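One structure below.
Letters are used for the chains, namely A, B and C, taken in the order the chains are written, and counting of residues starts over at 1 for each.
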Amino acid sequence: MMQKPAQRLTLFLLLAPAILWLGLLIVLPHVEILVLSFSERVAPRVYAFGFRNYLEFFTEPLYWRTFARTAFMSILVTALTLVLAFPIALYIARVAQGRVKAMLLLLCLLPFWVSELVRTLGWMMLLRETGVVSYILRAVGAADQPVELLYNDGAVILGLVYGGLLFMIVPLANALESLEPAVVEAGFDLGGSRWTVLRRIVIPHAMPGIVAGCIIVFMLTVGNFATPVLLGGKNGLWFTEQIYAQFITRFNWPQGAAFGMLLLLLSSAIVWLGLRLTGQSLGTTLKQA
Amino acid sequence: MNRPSLAWKLYIAAFYVFLFAPLLIVAIFAFNASPFPSPPWRGFTLEWFTGSGAAFGKPGVLTDPVWLSSIGNSFKVAIPVALLAVLVGTVNAWVLERAEFRGKTFLAMMMLWPLVIPGVVLGISILAFFSRLANGLEDWLQTDLDFLRPGLSLVILGQLSFILTISTLIIAARLRKFDRSLEEAAFDLGASRTRVLRTVTLPFLRPSLIGAGLVALLMSFENFNTTLMLVGSDAPLPITMYGQMREGATPAINAVSLLLMLGVGGIASVFALTAKAER
Amino acid sequence: MTLCIGSVMAPSTDLDIVRVTKRFGAHAAVDDVSFSVAPGEFFSILGPSGCGKTTLMRMIAGFEHPTSGDIRIRGQSMIGVPANRRPVNMVFQSLALFPMMSVGENVAYGLTCRGVSRAEAEERAGRMLERVGLKGFGERRVTALSGGQRQRVAIARCLVLEPTLVLLDEPLGALDLKLREHMKIELKQLQGTFNTTFAYITHDQSEALVMSDRIAVMNQGRFEQVGSPRELYHNPATPFVASFVGETNRLQGEASASNGAIAVRLPSGAVVQGQGRAGQAALAFVRPEAVALAQDPSLLGSLPNRFEGRVSAVLFDGAASSLLIDTAGFAEPVRAVLPQAGPLAGIQVGAPVHVGWTADAMKVFAA
């Protein structure tokens, strides 16, 4: 059936904001940094097409090591978050009832609506040389001089895991919630031990939630900036810091654009891989969250 | 499985201590009568909220122009972001749920895309693209286009790039639950198209419009990664906090944080109440 | 077969449907349908789901547009008139009460749309609520009402506008059985007191039979028969009507004319006598209540159809109880009404029994 011109106009007007948004704020900017990442300076204010920015990344150890470190630490943080969050999600979804359940979930949500910087500030005040933990250790006599717990990988991992927990707990709890109690009971009834039931029934059922949680935590961790910089200090060495340095401090935009593309590639590749391995779609995964 | 072991219960308790310890420390030390945000406890004071700086050499949050202006900047960003997020989000939700056209699935996928782009990358890509746009337009128009340069207007655009996805999803989820026969009934009873929209559809969507607005407000207020790349000389709150945290701050930063927590708590309870009214 | 009732262009009809067809692609949801509804009539369209009755109703309301044909209300063509300007109001299957408004606001909604002042609209809504037995409910939330009360609000919301015609789209479908029985009577009484024309669609034959002045039976986009409930029940015009309206026994066989009546030879060789017309293949129908039962075959002596059988099941359901009787020569057991008084009361499974019926009670159609 032919559409009337008035209907076409209405449709166009309705589509206009979405097209402006996606076109001007997402697609064209990404085309821009893609183009930028392949341009190299041949003379002052003269740029030409080339791969130098990417070559620079592979030849300068600081860059690719930071990249590899970021990727590796992010995977580690994701795994740790999953292990720590699972018992909590299981408790919220399957043990707690009624108001206790609602309270526990709400208490989980609250800290994460507070700015990331406030949370990081809290960890800094706890961990630094003049901080609360160090003070308590001295007060109880466990240490005789101030202890610096900040500016090391442990602090960075702690901060990142803390920041990722909620995004793991919610999808996990949602997935576990839908498991029929009778199925678990049948597992025990047929002679399964706690561990067998967990491994053969509960975890396979929670798989969509596990995938969703892991993908989100990984993306947030890899793209994080404030936590590694503030908790890791000079030892933070996060790849986003390199992007910031190229763009804002050194004003080498083509190099920064190349780094940005690499980060985007890394995060998309992991998301794609995660979805591929478990046969989930992006839409349903995001809805889990 | 329904009788949790003691170890499990202890773990849960330890988890919630772990969850709230940093926030509690931040809140408590907002009232410490010391020039540094660290122990020991030197007595209770409100100096870091209302003090003029006479006691510790640095003013409290509510008298310090640096903090006040960054709070102001955050509002200057967050309010337009929230309003635009609701407005555009509603139109987008309409497109997703009501319109029929080729390429709709593709558009729906595109709308989800911003969620999987790291915030820093969103920031630099918008920075680079708008700089090129500004250079081109300025050469062509022979005039300065400061709003396309790093600054609050660019921060608004940068935050919108991904907050729009969130607001669209929230409003579309509610619109999906709408019973179309309500609109038909209103139309059947003699209402015009605009009247149906005003008296039936929008009132039904209202909880999600408020919800999407509040979520957008919060996300804008606390966004750091994207904002950092696009900010000019006027720093919103998270940027100022970041700067102070790197240089070593006074307990005024704890006071700001506490105010922020209270604000978030307030908005969260409004949100919870509207969510309840929805049911 | 389409039964055309000549569309009379006198003002003595409230609704005229003139050769209306609605196609979705190649499929005709409504296929060349014509009928008229007189003022004050309770008119039902009865048919299985997917027969096109909802499409037909939505065309009358103005939510769909006919591919061809005309829809006239009090003689005025409604083609091109949007739903909000038609003197027709609809009670939706889901009722579609506005959850964001109070009961009173729901009823006043249509009036305010017409530009009636708020005070007057409220007053008229209040009076209407009183007439449907919901006095003082104006301030309540619609979510706080029972199923029957919601029903009455939905109808009041239409009636307050004094429409020429009220359309009802299976409004009793969501109610439980007991309430549905009650609402059937209430709806009929409501229609009587307001004397408004009702067009009612349903797939439930009992609803249609109890409430309607006339019923149109619809199947695959066409009207099979239009008539009073009794006409449809006792003189079905097509095999579809015979089997869709009411319980019936259905027999298949080959027809051969005999003196005055028609004889149908079943595959087993048994022959039944009936009334009607058929070529070779024939379908014969007999209602359970037309089947006479006797232990002594001589009591059935005058009936042209007489058979011997054995009770295979007693389906007890109060006044609607029936017997299934395995009958020699019949592929399916014959269904008859369970006698609950007289010599056969208390008949048990396995009991031998004789069945019989008149030739008039047996309707024969070409298969």
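By definition in this document, contacts are C-beta pairs under 8 Å (C-beta built on N, C-alpha and C of every residue); 3 or more make two chains touch, one makes a residue touch a chain.
The shown structure was predicted, so the numbers you read here are calculated from the model rather than taken from an experiment.
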Task: Return the chain whose centre of C-alpha atoms lies at maximal distance from the corresponding centre of subunit A.
output: C
Field: Innermost chain, taking as reference the mean of every protein Cα atom displayed
entry: B
Task: Let me have the rounded angstrom distance from the C-alpha centre of subunit A over to the C-alpha centre of subunit B, please.
output: 18
- line: Between subunit B and subunit C, the Cα-mean centres are separated in Å by 57
Message: What's the distance between the Cα centroids of subunit A and subunit C, rounded to whole Å?
response: 61
- line: Per the touch rule above, subunit B residues touching subunit C in the complex are 179, 181-182, 184-192, 195, 199-200, 203-204
- request: Could you please specify the touching residues of subunit A with respect to subunit B in the complex?
  value: 11, 14-15, 17-18, 21-22, 24-26, 28-33, 36, 84, 87-88, 91, 94-95, 104, 106-111, 113-126, 128, 130-132, 135, 162, 165, 184, 188, 194, 197, 219, 222-226, 229-230, 240, 243-244, 247-248, 253, 256-257, 260, 263-264, 267-268, 271, 282-283, 286
Query: Which residues, counting only subunit C, touch subunit B once they are in their complex?
result: 61-63, 82-85, 88-90, 92-94, 96, 98-100, 109-110, 113-114, 157-158, 161
- prompt: For subunit B, which residues are in contact with subunit A within the complex?
  reply: 1-2, 4, 8, 11-12, 15-16, 18-26, 29, 36-40, 88, 91-92, 94-95, 99, 101, 107-122, 124-130, 132, 157-158, 160-161, 164, 169, 218, 221-222, 224-225, 228-229, 237-238, 241-242, 245-246, 253-254, 257, 260-261, 264-265, 267-268, 272
